[in-house]
Amino acid sequence: MARAEIVYFSAMGHTEAISRSVRDGLASVDGVEAGLLRVDEVEGDEAWGRLDRADVIVLGSPTYMGGVAADFKRFMDQSGSRWYGRVWMDKLAAGFTVGGGLSGDKQSALQSMHVFACQHGMIWVSMGVGVREPGLDRLSSSMGLMCQAGNAPAEQTPPAEDHATAVAFGERVGRVAVRWVRGDDAES
Amino acid sequence: MARAEIVYFSAMGHTEAISRSVRDGLASVDGVEAGLLRVDEVEGDEAWGRLDRADVIVLGSPTYMGGVAADFKRFMDQSGSRWYGRVWMDKLAAGFTVGGGLSGDKQSALQSMHVFACQHGMIWVSMGVGVREPGLDRLSSSMGLMCQAGNAPAEQTPPAEDHATAVAFGERVGRVAVRWVRGDDAES
Amino acid sequence: MARAEIVYFSAMGHTEAISRSVRDGLASVDGVEAGLLRVDEVEGDEAWGRLDRADVIVLGSPTYMGGVAADFKRFMDQSGSRWYGRVWMDKLAAGFTVGGGLSGDKQSALQSMHVFACQHGMIWVSMGVGVREPGLDRLSSSMGLMCQAGNAPAEQTPPAEDHATAVAFGERVGRVAVRWVRGDDAES
Amino acid sequence: MARAEIVYFSAMGHTEAISRSVRDGLASVDGVEAGLLRVDEVEGDEAWGRLDRADVIVLGSPTYMGGVAADFKRFMDQSGSRWYGRVWMDKLAAGFTVGGGLSGDKQSALQSMHVFACQHGMIWVSMGVGVREPGLDRLSSSMGLMCQAGNAPAEQTPPAEDHATAVAFGERVGRVAVRWVRGDDAES
């Protein structure tokens, strides 16, 4: 069984809605168990323990001023004890972000997530979805999932194509996680 | 007169000590007035007003988990009202960071500051110090100032060379600011 | 008089067409003289001399595999002699890129241009166009100009909005250059 | 058996020497077969076929002007046919770079390699070596291996610690590759 945890921050609900679609994609893969954690829930041994036991941690944040939200960065900084103990070494990591523009510096937010994962010694699962797959990845992202939301409520935006892409991205990350866990089990 | 404001976060005092050296460099340039603002002081109309009136804003943060500190990102996010009103358009920006390692992903922290400045429509002043200047920029940085601190108190680390580099960097940013302001004055 | 040179690589003509629109924007600013240089023309003393005398160098490349084209990187590498002599110190720099997708890692290409400019000690002019300006910057870029082209010939794609944005970006860079040169003239 | 190929460019021999140390580390892992390819050897079906059959591709380039060398970027661009056919999807990737300075924008070169790997849908193996391991990773890198070379011949620089780090990095990538291949074999 591969355990996936999605850690996300969402102020307006758009990133939360995308988180659920990523979770649906992950959970649709045989052998994957997927949980959701809002960053403000990541305090205390229980929540940190869930992350410590995960095989893959998926990071999600809106893009604010060209980077992850401050609340999300707080979570990153608080993971310093895990960094010190190399607790997350060799876990898989992946990331997604939601912004108001088509590009809008969303790639910088994904880069921040990637360098964070590298600090922990994690292994980064790229987007892997959308090239020559019509109806997926309208924004042409490769480092992780990019979605674009307008000012309407989360029921209306990001559009259905972004949610479909989020599901496909979750499935892709889930398949990689299953293989990664299987490689570990096979050893013993 | 060119007005410079240094906005910084410092938990252990190392980044604060470097901030003062950058300020000394800025203030040593004829025609530059330089102020220091801790990010937690940036609240209320007076502090935001100082930034709104500045000709150059210098950003300073330790590198935590491969990026700027969460407290510094909070300040960045709170500047959204200035972004919306294009208040900081065409101001100069520059950045510095302090970390425990020689590289230690400090470049990612500077990139975060740069993309933030670009969001505001600012103009980024590169490092511009140290190439073929012995005794300066031991870390070979180009996007901004990088300093390296050990665990000792701020009186002992970063080493004197880093402080000398911070002063030289402040001078360079100050000279650019004077020219930039002069170009504006000359217009009228 | 502010001298601007646009150095670009273009395989299919899309980036060349955008280069001309950026040039038109630059040349529309009073006091700006704007030239175009294909990277393969940058050899010999005459072409390098044009760059050495420029007040602002604008860099343009398609985004290939998440970065600038190899031919453009060749030019960057060949500028090493200018780096060694600090010949381009304090010149202005700006950048643009054209890709097939809406995001498509174009931000990485702009980051490569920015770090190159920082190596030279240049000063980076951000996009500065499009926020709350309908009809400009449909891709929401901030570090430089991003355009998106399909497979049709350069007469048809990028679309007119991207060319209008390129003109506006050229104007913005031109205005900054005029002020920067004026600041220098005023000194003497 | 996990097949690893190291693709590298080296002008002065320093990056080539590091490539051999990475190869030694890879080859020291049970079940790993490691090959070396200079970028100028990557032409024709045989060399591209070796990369197509690899389980992990390790990328190596000096840092020139803040990014990978133009010759290395040429190889990246030429891989476009593999991108189009998704041939390298789900392979592992990792990277290393050598530069003259302690930081020297080496992180930007690694970022270029990472975004390239993401374009191909690959999975990025972070550095994973050196935190609290005295004598390894003196430059504190996390995204990949960073080495620093002076102007002396490759027999003398980078120093022995960098070569030891390269071996440890090769071992780490090799262990990840073995697990990744095992996860695939176990499926069938």
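Per-chain residue numbering starts at 1, and chain names A, B, C and D are given in the order in which the chains are listed.
Methods note: a contact is a pair of C-beta atoms (placed from the backbone, for glycine too) under 8 Å apart; a residue touches a chain by one contact, two chains touch by 3 or more.
Computed from a predicted structure; not experimentally measured.
For the interfaces A-B and A-D, the C-beta contact count is higher for A-D. Taking the options A-D, C-D or B-D in turn, the interface that duplicates B-C in more than half of its contact pairs by residue number is A-D. If you average the CA atoms of subunit A and of subunit B, the two centres end up 31 Å from each other. Taking each chain's centre as the average of its CA atoms, subunit A and subunit D sit 25 Å apart. Along subunit C, residues 66, 83, 105, 108, 111, 115, 118-119, 142-143 each make contact with two or more other chains. Interface of subunit A with subunit D (complex): residues 83-84, 86, 89-90, 111, 114-115, 117-128, 131-132, 142-143, 176, 178-187. The residues of subunit B lying in touch with subunit D in their complex are 66, 99-108, 138-143, 146.
If you check the complex, the residues on subunit C that touch subunit D are 64-71, 73-74, 76-77, 79-80, 83, 105, 108, 111-112, 115-116, 118-119.
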